[in-house]
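What follows is a set of structures for review.
Next, two complexes with chain A in common: one pairs it with chain B, the other with chain C.
So, the complex of A and B:
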């Protein structure tokens, strides 16, 4: 099961916070892509992907994040990956994407 | 070398069944004594492999996954029914998946013998 929630309370200027919940795999990837791109809108601010409740992601999910990052950068915006779990962080490291995205740990 | 036990799973070549194989793998690896991190490695690798096969539509019918349990390692073989073998990691994008599998598993072999498209091994590192 996968769910994407846009945090409407995220403060102005600090980026739009999008909470990812559940598992992103080949089954939920199309859903993730549609919802993420819709939530990004016209990229007027930075995007924060809150991964604290993301239990699983595969290469397809990572590919979608890269596509989203390209789109954000075309608008001089960035995507930050917030609080990924150890297993998710490991995949960012293996693929070198931890150097491409801004990784942040917030308490 | 003959495995102590073999568990086989046959799934339709559809995205919604990948998570079921992940759960099965998790149960088997846990029973063998792999730790949480290693179980996660196995789950991710299996998932990546099956996703590539489904994404490419190279199996029109089903995918068979054989879990061969040995004393100190597990070997997982992937077989396809009703299709000729093809390289499942041919495109640049697939390289991502292959990179992940190679990093997480101890041994990865492509196209090993008749109908085994991919074979991967993970060793059991027992605490001394």
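So, the complex of A and C:
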């Protein structure tokens, strides 16, 4: 089960916050891509992917995040990965994507 | 459900169709069986799920070239009093130079590679398991990982 929630009230002035909830596997990955790109819109602001409730992801989901990052950068914007769980963060580290994305931990 | 032989317990041996829904379903079946037999914590369960998913994705996409008529064969064993897990995934493709692919990925993450949208699966598997072996043709991968303490 996967759900993507755009936090409309989280106007931090530093980006649009998108909460990823549940699991992104190869079955849900196409939906994740469609929903993420739709939520990003025309990339007028930075994107914050809140991964605090993301329980599972694999290389396909990570690849979609990279595609999203490319799109953001084409518009001189960036994507921040917020509060990923330990296991998810481990995959970012293994793949070197922790150096590609801005990783942030907020209380 | 499981077959006990001299070299361990076979907990799963199935032919899976090249379908993403079926792959996700079978991965959960394997995890459920493992959970019943061996004590694995949440972290290790996550790692095993990732390994299975990556191996099956590779088999379907690169091995079987998304051909729905082709199958993937999966065998899962527990050895050494359930302290070692082995997973063998075989596709019906022509095979490819998997080892070279892994070595290229392992040498570092150039900016160009870092922004690729695919190609990280085997790199992840190699880092999560203790041993990875390929058959000469390149259409079968066997991984081993020690269960219990990391």
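As a convention for this text, the second predicted complex is superposed on the first by the 106 of 107 C-alpha atoms of A that agree within 3 Å, B and C clash if a C-alpha of one lies under 4 Å from a C-alpha of the other, contacts with A are read in each partner's own complex, and residues count from 1 in each chain.
Throughout what follows, a contact is a pair of C-beta atoms (placed from the backbone, for glycine too) under 8 Å apart; a residue touches a chain by one contact, two chains touch by 3 or more.
This structure is a prediction, so every number in the text was calculated from the model and none was measured.
**Student:** Using the touch definition from the top, say if A:64 reaches chain B (first), chain C (second), both or neither.
**Tutor:** The second partner, chain C, only.
**Student:** Please tell me which partner, chain B or chain C, touches more residues of chain A.
**Tutor:** Between chain B and chain C, C touches the greater number of residues in chain A.
**Student:** State whether A:27 touches chain B only (first), chain C only (second), both chains, or neither.
**Tutor:** both
**Student:** Taking the superposition on A as described, I'd like to know which of chain B and chain C A:102 touches: first, second, both or neither.
**Tutor:** neither
**Student:** Give me the intersection of chain A's contacts with chain B and its contacts with chain C, in residue numbers.
**Tutor:** The answer is residues 25-27, 56, 58-60, 62-63, 86-87, 91, 94-95 of chain A.
**Student:** In their shared complex, at which residues does chain C touch chain A?
**Tutor:** These residues of chain C touch chain A: 20-21, 23-24, 27, 43, 46-47, 49-50, 53-54, 56-57, 108-109, 114-121, 123-124, 127-128.
**Student:** Please output the residues of chain B touching chain A within their complex, sorted ascending.
**Tutor:** Against chain A, chain B makes touches at 15-16, 18-19, 22, 37, 40, 43-44, 47-48, 50-51, 54-55, 93, 96-97, 99-100, 103-104.
**Student:** Can you list the chain A residues touching chain C in their complex?
**Tutor:** 25-27, 56, 58-60, 62-64, 66-67, 69-70, 86-87, 91, 94-97, 99-100
**Student:** Would you tell me which residues of chain A are touching chain B in their complex?
**Tutor:** 23, 25-27, 56, 58-60, 62-63, 86-87, 90-91, 94-95
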